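Have a look at the structure below before the remarks.
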Amino acid sequence: MDKKSLKKLLESLDKGELSIDDVLERLRTLPFEDIGYAKLDHHRTMRRGFPEVVFCLGKTEEQTLEIAGKFLKRQGLAVLTKVSPELSSALKRRFKTKVQYVPQARMVFLGKTSERIKGKITVVTAGTSDIPVAEEAAVLCEKFGLKVSRIYDVGVAGVHRVLPSLPEINSSDVVIVVAGMEGALPSVIAGLTDKPVIAVPTSIGYGASFQGVTALLGMLCSCSPGIAIVNIDNGFGAGVFALSIIRLADSKK
Amino acid sequence: MDKKSLKKLLESLDKGELSIDDVLERLRTLPFEDIGYAKLDHHRTMRRGFPEVVFCLGKTEEQTLEIAGKFLKRQGLAVLTKVSPELSSALKRRFKTKVQYVPQARMVFLGKTSERIKGKITVVTAGTSDIPVAEEAAVLCEKFGLKVSRIYDVGVAGVHRVLPSLPEINSSDVVIVVAGMEGALPSVIAGLTDKPVIAVPTSIGYGASFQGVTALLGMLCSCSPGIAIVNIDNGFGAGVFALSIIRLADSKK
Amino acid sequence: MDKKSLKKLLESLDKGELSIDDVLERLRTLPFEDIGYAKLDHHRTMRRGFPEVVFCLGKTEEQTLEIAGKFLKRQGLAVLTKVSPELSSALKRRFKTKVQYVPQARMVFLGKTSERIKGKITVVTAGTSDIPVAEEAAVLCEKFGLKVSRIYDVGVAGVHRVLPSLPEINSSDVVIVVAGMEGALPSVIAGLTDKPVIAVPTSIGYGASFQGVTALLGMLCSCSPGIAIVNIDNGFGAGVFALSIIRLADSKK
Amino acid sequence: MDKKSLKKLLESLDKGELSIDDVLERLRTLPFEDIGYAKLDHHRTMRRGFPEVVFCLGKTEEQTLEIAGKFLKRQGLAVLTKVSPELSSALKRRFKTKVQYVPQARMVFLGKTSERIKGKITVVTAGTSDIPVAEEAAVLCEKFGLKVSRIYDVGVAGVHRVLPSLPEINSSDVVIVVAGMEGALPSVIAGLTDKPVIAVPTSIGYGASFQGVTALLGMLCSCSPGIAIVNIDNGFGAGVFALSIIRLADSKK
Amino acid sequence: MDKKSLKKLLESLDKGELSIDDVLERLRTLPFEDIGYAKLDHHRTMRRGFPEVVFCLGKTEEQTLEIAGKFLKRQGLAVLTKVSPELSSALKRRFKTKVQYVPQARMVFLGKTSERIKGKITVVTAGTSDIPVAEEAAVLCEKFGLKVSRIYDVGVAGVHRVLPSLPEINSSDVVIVVAGMEGALPSVIAGLTDKPVIAVPTSIGYGASFQGVTALLGMLCSCSPGIAIVNIDNGFGAGVFALSIIRLADSKK
Amino acid sequence: MDKKSLKKLLESLDKGELSIDDVLERLRTLPFEDIGYAKLDHHRTMRRGFPEVVFCLGKTEEQTLEIAGKFLKRQGLAVLTKVSPELSSALKRRFKTKVQYVPQARMVFLGKTSERIKGKITVVTAGTSDIPVAEEAAVLCEKFGLKVSRIYDVGVAGVHRVLPSLPEINSSDVVIVVAGMEGALPSVIAGLTDKPVIAVPTSIGYGASFQGVTALLGMLCSCSPGIAIVNIDNGFGAGVFALSIIRLADSKK
Amino acid sequence: MDKKSLKKLLESLDKGELSIDDVLERLRTLPFEDIGYAKLDHHRTMRRGFPEVVFCLGKTEEQTLEIAGKFLKRQGLAVLTKVSPELSSALKRRFKTKVQYVPQARMVFLGKTSERIKGKITVVTAGTSDIPVAEEAAVLCEKFGLKVSRIYDVGVAGVHRVLPSLPEINSSDVVIVVAGMEGALPSVIAGLTDKPVIAVPTSIGYGASFQGVTALLGMLCSCSPGIAIVNIDNGFGAGVFALSIIRLADSKK
Amino acid sequence: MDKKSLKKLLESLDKGELSIDDVLERLRTLPFEDIGYAKLDHHRTMRRGFPEVVFCLGKTEEQTLEIAGKFLKRQGLAVLTKVSPELSSALKRRFKTKVQYVPQARMVFLGKTSERIKGKITVVTAGTSDIPVAEEAAVLCEKFGLKVSRIYDVGVAGVHRVLPSLPEINSSDVVIVVAGMEGALPSVIAGLTDKPVIAVPTSIGYGASFQGVTALLGMLCSCSPGIAIVNIDNGFGAGVFALSIIRLADSKK
């Protein structure tokens, strides 16, 4: 029930066309969900610019194009993750200039956001193979105007390589740490900084790394208390979470 | 090498007792770790007031008392989690007035922090049994001056119970959602707010809940992208993470 | 916003104390959730008599009493599962005659339901140790007026023991099959009947039975397609599900 | 022992060729299984029209054709699930007009059922990728004459999208909810309706979704008691179970 | 339908009270399962003396007494495994002289078997803690007249300790090998003998032994092809399986 | 130390070239392992004809040919399992007439055994897809002269299909039951016969069947005590185990 | 065949009572295992002083005393791990002055070793709760004469605490690193030293630490290549392994 | 801060351009990490010649070439493991004569080490398929000058095949044992030697071998205390660990 029909209803009461009990009944039985929907839509507006994501692995090209289109229409900006070069081409054919492809992050941005958030994140990876996952977060945050500092390939096996980056890390608002294998880097970094650390386990590894499970468990059990974790390979999720933290800080200024 | 010995070294140079090359050599070869330690100590000072935690399950009373004492001395404020009433009594006998026991959170605060952070969190639980874990976060945040809103027992099975709390949730800086069983509540809430959502799986449940594993997995796989997760039953960790987010926002003002 | 305040609001409009726009604004901004709540309450009424459950394992006596009381007030009938004899006594002291304790099902019914559903279920167990879980379903269904036929201890190791019970099974509306260990009984029964079969794995067993996981997996992988499964030891859940099926059939008459 | 030989035996008694004891002995030792077979066949007839399923993943084309043919002969209607387009062509070449291919459900119906069941189900999916699994249930139920309402892509991350569908859901006899990732949708829906909810976990997801295990566990641990679960990706099984429920209700009229 | 009623039916035919077709119809529709039952009973008789087992862990004393009594009546010999000294006393109070308690095997034999099987088994354990599980098999086999040779505490860590026992092993009909921890002993022994080797994993161990899972997996993956495995700690099952092998050999003589 | 050098040593003693103590010393310190080898070889001879197996999955063609040749030379008969048609051709090119390829069992027999064992096994499968695993056992046993009865596709979902096969099963010496999915068939059959039942889980299934783990666990937890289990898909191992049982029985005659 | 009978055999040859061929035959067929035993015993002598271990958890006092006595007799020195104070008292009552109890390591040394190995190990723990496991290794190594340096409670969350200990670590022959929770400390240390690092996961932790599994997996997946791992809580095993390394180095001098 | 800028700072003090306090302040706040880096570099020099490894599975050719180049520059010697023939060709095209490809170990050595370590290892495998993993260790050790003895295909199923190799094993400094399936070989060997045994589980196997998990667990639970384990298929890691042990022994001479 939108504002207009609600007004109409009240006018009918005002004009005496409907009794109070009639209106009451209609209000009581009016489709709950529509009011809800309206309310929530209002709330959605406050969140405008926040991207909805299409996870592209295991979907056909046709499915992806259809979903992406639906998301684009729904929200203005859609983000596609795990995009192959072929898929990026197909997206360009369909959505033309609305497509921006970032190969190192395997992401496509479809449409625009006008939101600008001020702040800085540092994205750290343990190994070279973790970079594509890290770039998901990095590129997303840049899209929203954040400054992004990248510190890649500083695994725990060479913890001294982490130390020179401490000033950089400490000058950020949020740190995203991406690691596969034993996933110990977030613990080490969280022990050296007081910034919020978002840990992203990756499926990089072999044998007992179990496609990222070991990294995930290690991060969950970190003895450094200032860490929160997202799903395996979910660089995008870490980026959204970082955005939500910094947007909050930004809104307080 | 502490400040004093460093000063001495430079005075020797100043007095001509040592050549530049001598001092250079000593500096280059001076115990790396001591400089490091000093530097980090300096850095630690900036973090002063941040509590170190003693996890009390599976430790003897004597061990706990000893570790707590060490932590207290090291940092001024120690936090003990999962504290039984008996243990709290033993702590009071040992540390007297420095002990503050919060039974509903099964926590003891030992010592003080003078840090005050401005902001508000909402702590939500799915069930009644999740409350002690939630209180760990709530009580910790209150200790640092945050306003804490508690919304307890609004599980997914009655999602309509969540909706009335949306305004409360949306007026917070950070939301902590605590749930056992299928752990779906954080997904639902993150879909309704744009605040950072920290999800805490609990070991509440039976059968296929596997002591919190199902809740943990469900939270990791949430399709709502604005969620980060901490270890099972780690309400304290969620509290620390929330503190680090709001301290950031607070520092921007 | 309950009916009364809604009426008041409309009366104010009717009396001219408020303009249409005022009321409109109030309605638009009235707590969304309250309308929702009202609507859902209405919907709840349709479901009246449906019990809310308190799972008693791992809760203190005091917690259980408090939750049970809350549930009783909320819905008229509360059901407590996995109730120890001690707990049942405590409940009787608190809630007096409202308590009905069924020891073989380890359940307490608190309050009443006036709903009566016509139909019949058969509850089958593989072993003697599965009976308490089976009784959860059986006693719950009897509470709602269903005829319950019990066929206990007819495990797969002696499949011929199942066959004589086929006519009984085939004369039921729904069959609930409760089994631990390898959990094969539901497969066997579903292959012999066309009635809906609800399978309940139990934690009975040792070694590779892994507290019911093996039974659960076996039931999920049944090659008989007419089976649906509930959580390990969740006899109550199976009972509720059976009720919902038969209530449906009953409503069609 | 078929009817004919049984008759012969009795005639011999009647003619005095065999004594009562002789016949008794023969009856006692006559092949148990043949009588059994006959009896069960009789019982089977009552179930006629119920489809037997061929799960096509991991089978060669030749194997599938052979099994399908066997099933077709055995029961009149065979259903093949997870059918690739290539396989559907091969089936058409072999079984000609008896083949009906439904690509969106990846199913082939081979032969016919004359059974008609009256009722309505609603099939809900959390995401777009869950649709093929959902269609298995939807198409099967339509085949038997049920009205099927499809509500697709209403994941928990946007729970408000579920609410407008409540009237539709509440007007159904059975609800089938299909979800991957954290699998929370069935909990949410079961908390809002009193209809039987059949939950189907799907293997959609990545990282900690573990090919549907997380969704499965989440559904099993749902705090909403009116849910029963089938195997991962087993849309067909959910459909059969729904059919068995509604057939029951239908038979009561 | 028991023999008596069957006879009555035939007499009615004989007396002309019923036509052949009448009897035919009654026979065709007589409760399938009763004939079946009779047949199977006949078959059961052939197996008489085979013990039915009561697994006593996790059962109350009262439950155990009741089940044991039922089994005793059903088959003449019941075997109870994992029996505590207290339970054995309770059994003696109830069943008097029918109880034989073997403490080292934690077993009680209730009643008698007159079957005598000729042959020999060797029972080998890796460690001292595996002995109670081994004794379950040993004592059961002795009960049926088998010669039992015990070779205990010859773990793989000292494989040379196995070698002196080879002649003993090779003079047996069947070898039962009981091992916890890494469970490698069956592999080693099966590589040195051509006798059937039954492997019993035990829950002995700590850390990565996971209550017998590691031993179980190791035995399943043995590269020695002449091994078959039973459940963790299921010494009784191994004994029954050994009996069935040797009974077969014995029957050929 | 081979026979020749041993003889030489004794001749030296005999000729007085070495004292008794010298020979004693040499014997005591002679390479332990060589004598051992000889002894064991002697023992091996007693086991002559027993095939060594090459598991071909995941090996290159060249590796397989080399290993097969080594095994052929070592023992006269090598058996290759999981052989693709291409590999069988390559084997024929290399080993010519020594190769016998059995496609339905995906096995190649390389060389010969002259051993003949008298007896009969029945091989049962739950589904059509389990047949190749079953054929590994069947073909191997036939190779050694056993009579093999095949009862395929009698899954638990239609337990009545098992019953007519009981006489066949009961006339065998050993029953091998092959099943994927929930793996319940061995339980059912072991409950109906007193023959040793060897259970083979297969990796057939989907979703919660976890590549045979569910079938494996179900078989391990069978409540029928006369069952022993081999590794997933290890039809060959079951065959070898059956051979060892029947060889034992055969040797007693 | 012991030395004496072997001598007798050779004397018979010498005396002409047996021909060379006779002796040859006897030697060829003499019990393989006895010669083997003798040889291995000889080899054992070279290892004399190496302790055999009794793992005391889950054993009764009586069992432990018996096994310990057997081990003591077998090898002169027995080591008991995970010893409770009560058990240590019982051991003292039985074995008197032969018992040395080390409470912080929960170990008892029974008997003596005269072996002295020169070298130094450093034992590092991540937390205070890991100390008892670490002490198992430390005390064992001291028993054999090694210098042991203890660096306790330097977890990864404060990696700067590790750095000051580098010179100590680098002056050792072997480093044993003991850690629970995420188990990252060995990675960090192995990245900073070129000494062999033996990693010991402990069962310390909660939630997703799964009784040491997470620490174990993390250590296995360490990106630092110079690490080897022992079982969860197996400090003793790490000590034995360190001894074997340093004994090797010591023997080269 | 490099040496040059440090000198400049001291010169400024010497010249009176800066006060002692100024210099002190600058030193205190000079980038900690640079000094650290220098120190650690110094430490690194001591470790010169130690290879850094590139794990090539799951990396693109381009990624591998880039990382390999970076590692080559960083340390003089890079080792690539799991190298396909195609990749080795690409490496040769890029790095020319610096590439040495060892196909049986699937390894490439890029660049040189001048370090020479004296000693001997024995590498043992259970099966033929384990050889490539074993060769990783063997070839690496040879590269550093070690003598390597290879004993391949002596699985536990034929433990007598191990015994003849004992003298070879006992003449080594370190034994590396590589095994898949049940992984029992290290236990057996460690029970027969007092040399340090490094166990490498491999992913060889099928069914319940779970890609090496069973072998890994078995090795961890070995009752032989002188064993340490590395990750599944990590032959290279075992080689590095062996090098570190023997380097230690070598340095003591």
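Labels A, B, C, D, E, F, G and H are assigned to the chains in the order they are written; within every chain, residues are numbered from 1.
The working rule: a contact is a pair of C-beta atoms (placed from the backbone, for glycine too) under 8 Å apart; a residue touches a chain by one contact, two chains touch by 3 or more.
Note that this is a predicted model, so its numbers are computed, not measured.
Listed by label, the chains touching subunit C and subunit H alike are A, B, E, F.
Chain centres were defined as the mean of their Cα atoms; on that basis the chain farthest from subunit G turns out to be D.
To overlay subunit A on subunit E by their CA atoms, one rotates by 180 degrees, a value rounded to a multiple of 5.
Distance between chain centres (mean CA atoms), subunit D to subunit H: 55 Å. With centres taken as mean Cα positions, subunit F sits 39 Å from subunit D.
Along subunit H, residues 32, 36, 40, 160, 163, 166, 192, 207-209, 213, 216, 220-221, 225, 231-232 each make contact with two or more other chains.
Every pair of chains meeting the contact definition is listed here: A-B, A-C, A-D, A-G, A-H, B-C, B-D, B-G, B-H, C-D, C-E, C-F, D-E, D-F, E-F, E-G, E-H, F-G, F-H, G-H. Considering their complex, residues 126-127, 155-160, 162, 181-184, 187-188, 190-192, 205, 207-210, 213-215, 217-225 of subunit G touch subunit A. Within the complex formed with subunit B, the subunit G residues making contact are 128-129, 160, 163-167, 204, 206-209. Those residues of subunit B whose C-beta lies close enough to touch subunit G in the complex are 31-34, 36-37, 40, 55, 57-59, 63, 66-67, 201, 203, 212-213, 216, 231-234.
Those residues of subunit D that touch subunit C in the shared complex are 36, 40, 43, 46-47, 50, 53, 166, 170, 173-174, 192, 194-196, 198, 216, 220-222, 225-232, 236-238, 240-241, 244-253. On the side of subunit D, the complex with subunit E involves touching residues 3, 6-7, 10-11, 13-14, 20, 23-24, 27-29, 32, 35-36, 38-40, 42.
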